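The two complexes that follow have chain A in common; it is paired with chain B in the first and with chain C in the second.
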Partner chain A sequence: MPGWFWGALLLSPAFLLVAGVIAAPIAYLVRLSFTDAHAYLPRFGSVGFDNYAALLRAPHFWDSVRTTVWYAGLTVGLQLVLGVLIALLLHQRFRGRGVVRLVALAPYMVPSIVVALVWRWLLDPTTGAYSWFIDKVWPGSEPPNLLSPNLIFWSLIAVSVWMFTPFIVISVLARLQTIDPSVVEAATVDGAGAWRRFWHIVLPELKPVLYTLILLRFMFMFTKFDVVYLFAGTGTEVRTLPVLTFQRIFGEARLGSGAAVAMILFVLLMIFTTVYLRTLYREREETA
Partner chain B sequence: MTTALHRLSRVRWYLVIGVVLLVAINGFPFYWMALTSVKPGTELFSYPPAFFTTAPDFGGFQRLFETTNFLTYAKNSLIIATGATALSVVVSALAAYGLTRFPFPGSRAFSTAILYAYTFAPIVIVVPLYGMFREAGLINSHLGMILAYASFGVPFSLWLLQPFFRAIPAELEEAAFVDGANRVKSAWYVVFPQAAPGLIAVSVFTFLLAWEDYLFARVLITQDDLKTLPIALHDLYNASLQDWPLLMAAAVLINLPVLIAFLFVQKYLVAGWGAGAIK
Partner chain C sequence: MRAKGRCTTLAVAATAASLALALAGCGGDSTTGDGQVEITVWHTESTPTTVAAMDEIIAEYEAANPGVTVDQESVGWGDLQVKFQAALAAGDLPEITQVEPMFVRTLYSQDLLVPLDDVVDSLGDDYLPQLRDMFALPDGHDYGVVHAWGTDSVVYRADLYANAPGAGTPEDLETWDDSVEQWRAVSEANDDAYGLMLAGDAAHNVNEEVYLWLGSNGGRLFDENGHVTIDTQEMREVLEYWVELRDSGALSPAWSSQTYADSLSSLALGEAATIFSFGRATYTFEDQAPDLVPGEDIKVAPNRPVGPSGDDWITQLDAEPWVVFKDSPDAEAAADFLEFFFEKQNYLRWIGSVPTQLLPVRASTFDDPDYQALPEVRDWGFWIDQQRQMLESGQAYPLMVTQWSDLELPYLSDLYGSEILVDMVMDVVENGKDIDEALSDAQARADELLSPLYAD
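Presenting the complex of A and B:
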């Protein structure tokens, strides 16, 4: 038997699984988005581009787009700044560093439902520990309700940054460990201060990984569903595109219309991924 | 760099402040979760909040086991996560072996397709999957859930495993052939043990992916006795009366395997997260 036969044979289960549960659904999604399919009833009539046209005309769709861009942009920006700072901190040598690293990374491992519930409990306006704390530090006439419709978006930003920053920390930390310490020491001997060493030596080394992280994290935050929905997404205050998709289908039973929103997310993902893969291959060629 | 910074700042106040803040901000929610799960009712709603308790009360845990189907949900989660992990790891290990040992026309295209697949967001896949599963009768079925999570596990597992298989020298296998082993035996006794660290890492990541997921379970399971832990916990929260010690007791128990796994696979975290194991 030729080698390629064995290769194809070994690959076929993986191929079938990915084709069956990822590729085929995408094809079906395209079809769904051109129908008036109902989420629970057997209705499946073709409507052409009506779903898309209705979406582009609906003001709340554009609200959703704005919310999603703000959510992804703000959380990625904050994660990046905090992530680099924490990575620099954890790169220092000190006693108990191993334990501190574990604590620094732990939030990323927690299931979204647990994060959402614990934070809703912490921020509860009447009995929450954090609400009490904020009221003490910042005594106002009225303690703020951090779960109210006008503040929940900002609470969600804080919770998301808390949960997802460890990803940046661990990626940046891994890169920091590959920087040659003698270069940094030489700069110190030459009289470069901490800030200049960071700006001229460390940051240029981190640039490629930061660029990749911005792309990847923006893509992930843009399509993030679980924590957004569970912490803040059951109403209309924080309706990002993934939440809109879910509400359309399981709240309003409009499977076809929801599929159109999902299609828009899918196309955006494809564009992001293509850009990401280009930079990945370019980096590989440069390092190879 | 560390030594240079050491020398520069004798009093490393920034380090102390930074570490204290980090530990407090990251650690407190965990502490509060555990504390609430054992708080007696009298301290639960006190103002200012009680920051520790001298009389731990395990009523929350007791009510969780007595008044809810927690054990059934835990069993469902365990079956689905274990099934998905087994399926995904076997399938990805075979494919990784095939890709690194027998390159064939189209294997590079396959690798790129896999890369695209691992960036797909669950929300995009779950919509059509719901439609397809409904027609195939796979709604409310553990098999359907296992298939769904396994196929989400395959792309990143394959991506993470390939370097492990590539690093195993072909001479090792050739030596096994000389000793009379066939292809299957050499793969089983020579190649797979060498790739064990990678296989362990992808197993843990796939298990967590299934254990923690909310969206697929919410959409593909509607029957109470088939629910997994995350959706069961959300439904308990949405019940009319919120019993916080009970909710936090459930949260502690759901987190336990996660934190154990976390200690176990720390050193693979970079590789796993980089491959998009957990988004």
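Presenting the complex of A and C:
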């Protein structure tokens, strides 16, 4: 037998695995998105681009796109700002630093379902700690319902930032620990204040890791489903594209339309990633 | 050569193993290789006493039927549809499951169900006719057997109403205007309590309120051709009523984030004077407010107020049936288990686990001394009696059904799952959207969703 045969044979299990676990489901999803498949009724007719056209015409689809972009943009932005600040604080030397670091990282270790339930209990307008606190500070006042449709999006942002900021903290802290302290010390001796040291020395050192974090966190938050669904449900205010996909498939039983939403989500993410990486690459080329 | 031979063997083995792994997940069968029969039962009764009751029934059935294994799976109430849909797509359905009444027609239209005539016949004339009729389908067979039933009631705290003398009680209510006045007066008379609390957190509960208010205002969700009708005067009045309830202070502002369980607690803890509830609430009341006396402090009323376009109120009939799937390798054994389940002592165990929620489908059970001796039946008998009256009145309809012909529509569940009605209510009541615009949007979305499924 020729050598290529044995090579191909040995590669075939891995190929089959990738084909079966990744390629085939995506191919099936693409195929599904061009049909009017229904969860219960015997429908699997080809409808061409009708599902996509209907989505692009539907105002609530664009509402979902906007909600997703806002959700991902705001949570990633806040995670970055808070994550860098917390990492800078945890990088300082102080007593009990180990314990504080552990506590600061804890939210990331808690399962999503626990986070969602605990925060819902805390923010409950009638029996939660939040309403109790408001009542103690302003007796007799009616606290705004942070879980109501007009405020739930902002509560979701807060909970998501609380939960995922530790990921930034871990990553930035790790990078901070590799910066040569003598460079910072030299700048201090030369009279640079804290802000100038951060802006001109620390931040440039952090840039590579921050670029990677922006990309990863945006991808994660753009496709985030668990904490959105578990904490905030499926209402229009929090109906991001992943939630809309779930809603179409499991709520409305429209498999074809749900697959089309999933494909659009996939394409949007690909566009973002490509543009982001190209911009990054160009900037690096220019710097070099 | 030897090394190459070993490579060949390894490569072939690895390929075969990966193929075997890939194929392993492709099939499902409840009959095991040694001839044993395995019956999987899904239900949504998660109360520990009910699960324990089923365990006992199963143990006795297995003892009497060697070779048969029955596994129960208590599925979260809100998760059944998702789980069921996934199982259907995977071709891995359980032998027996509970379903919402609206699903029976859908499954029947796909030829997925087996007739359960023997099970129904074993119940004989004792089976409440209102329940039997729901799933006796046009081909003359019965495709679902209700395991237990209940109706939605107006539940109120008489002690909180007493603080608003002159406001009357929910029994006095006739119109929506009366109800706004009464619940606002109760809110004003009690520092910490609102006149009304609704459960608005889950789409399920908002769907419930929409169809019940609509039905109590002479409206319907589908016209005579089975086409969805949302943008109507009756629905407009429902939304106006909802806004008025909220703006007047009659309805708690916390309603939109309250789960069903929260709403029960709000009554028990004195944060609301009125809720809409099924009988399971008695356990919350006894647990969280043991000092409240059933029938004195906590009362139930059958009647919802009627809207300006309606003649009479409707309420919800919760009567989920067992169904058995044709794909089940041993549908006969599944039906046999159900017959065993409905035998008097077994059935009493089941409904006796939560007797105020799980009302018996056998008429004779209500007169059974063993049933009447249950403590919950003694304490809360007035609520059980009222549910029986509501069933007999013919004013209790299944979820999303405003007229009996709706139950024949195989796409009723699509509207239920779509959240179109929920979005409409939240947009108007919580986000201040213009009612006409919300109605028009909801109608357009519903048309887009359902028109491809219409028979004509």
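General remarks:
Criterion: the second predicted complex is superposed on the first by the 241 of 288 C-alpha atoms of A that agree within 3 Å, B and C clash if a C-alpha of one lies under 4 Å from a C-alpha of the other, contacts with A are read in each partner's own complex, and residues count from 1 in each chain.
Everything that follows uses one rule, which is that a residue touches a chain if its C-beta (ideal position, glycine included) is under 8 Å from a C-beta of that chain, and two chains touch if they have at least 3 such contacts.
Just so you know, these numbers come straight off a predicted model, no measurement behind them.
Considering which of chain B and chain C touches more of chain A, the answer is B.
By the document's definition of touching, of the two partners only chain C reaches A:G251; chain B does not.
When the two complexes are overlaid on their common chain A, residue A:W121 makes contact with chain B while staying clear of chain C. After overlaying the two complexes on the shared chain, residue contacts for A:L277 are found with chain B alone; chain C is out of touch. When the two structures are aligned on the shared chain, A:L105 is found in touch with chain B, with no touch to chain C. In the superposition on chain A, contact is made by A:L41 with chain C only, not with chain B. Once chain A of one complex is fitted onto chain A of the other, the partner contacts of A:L10 extend to both chain B and chain C.
After overlaying the two complexes on the shared chain, residue contacts for A:N150 are found with chain C alone; chain B is out of touch.
Look at A:T75: by the touch rule set out above, it reaches neither chain B nor chain C.
Touch criterion met: A:G235 reaches chain C, while chain B stays clear of it. Overlap of the chain B and chain C interfaces on chain A: residues 6, 9-10, 13, 17, 20, 39, 126-127, 249-250.
By the touch criterion given at the top, residues 4, 7-8, 11-12, 14-15, 17-19, 22, 81-82, 85, 88-89, 106-107, 109-110, 201-203, 252-254, 256-258, 262, 265-266, 269, 271, 410-411, 413-414, 417-419, 422-423, 426-427, 430-431, 441, 445, 448-449, 452-453 of chain C touch chain A in their complex.
Chain A makes touch with chain B in their complex at residues 3-4, 6-11, 13-15, 17-18, 20-26, 28-29, 32, 37, 39, 85-86, 89, 91-94, 100, 102-115, 117-119, 121-122, 126-129, 132, 136, 162, 167, 170-171, 174, 176, 179, 181, 184-185, 187-188, 194, 197, 202, 216, 219-220, 223-226, 230, 242, 245-246, 249-250, 255, 258-259, 262, 265-266, 269-270, 272-273, 276-277.
Chain A contributes residues 1, 6, 9-10, 12-13, 16-17, 20, 36, 38-42, 54, 58-60, 124-127, 142, 145, 147-150, 152, 233-236, 247, 249-254 to its touches with chain C in the complex. For chain B in complex with chain A, the touching residues are 1-9, 12, 15, 18-19, 22-23, 25-30, 32-33, 36, 44-45, 47-49, 51, 87, 90-92, 94-95, 97-99, 101-105, 107, 110, 112-117, 119-125, 127-132, 147-148, 150-152, 154-155, 158, 183, 208, 211-215, 219, 230-231, 233-234, 237, 244, 247-248, 251, 254-255, 258-259, 261-263, 266, 269-270, 273-274, 276, 278-279.
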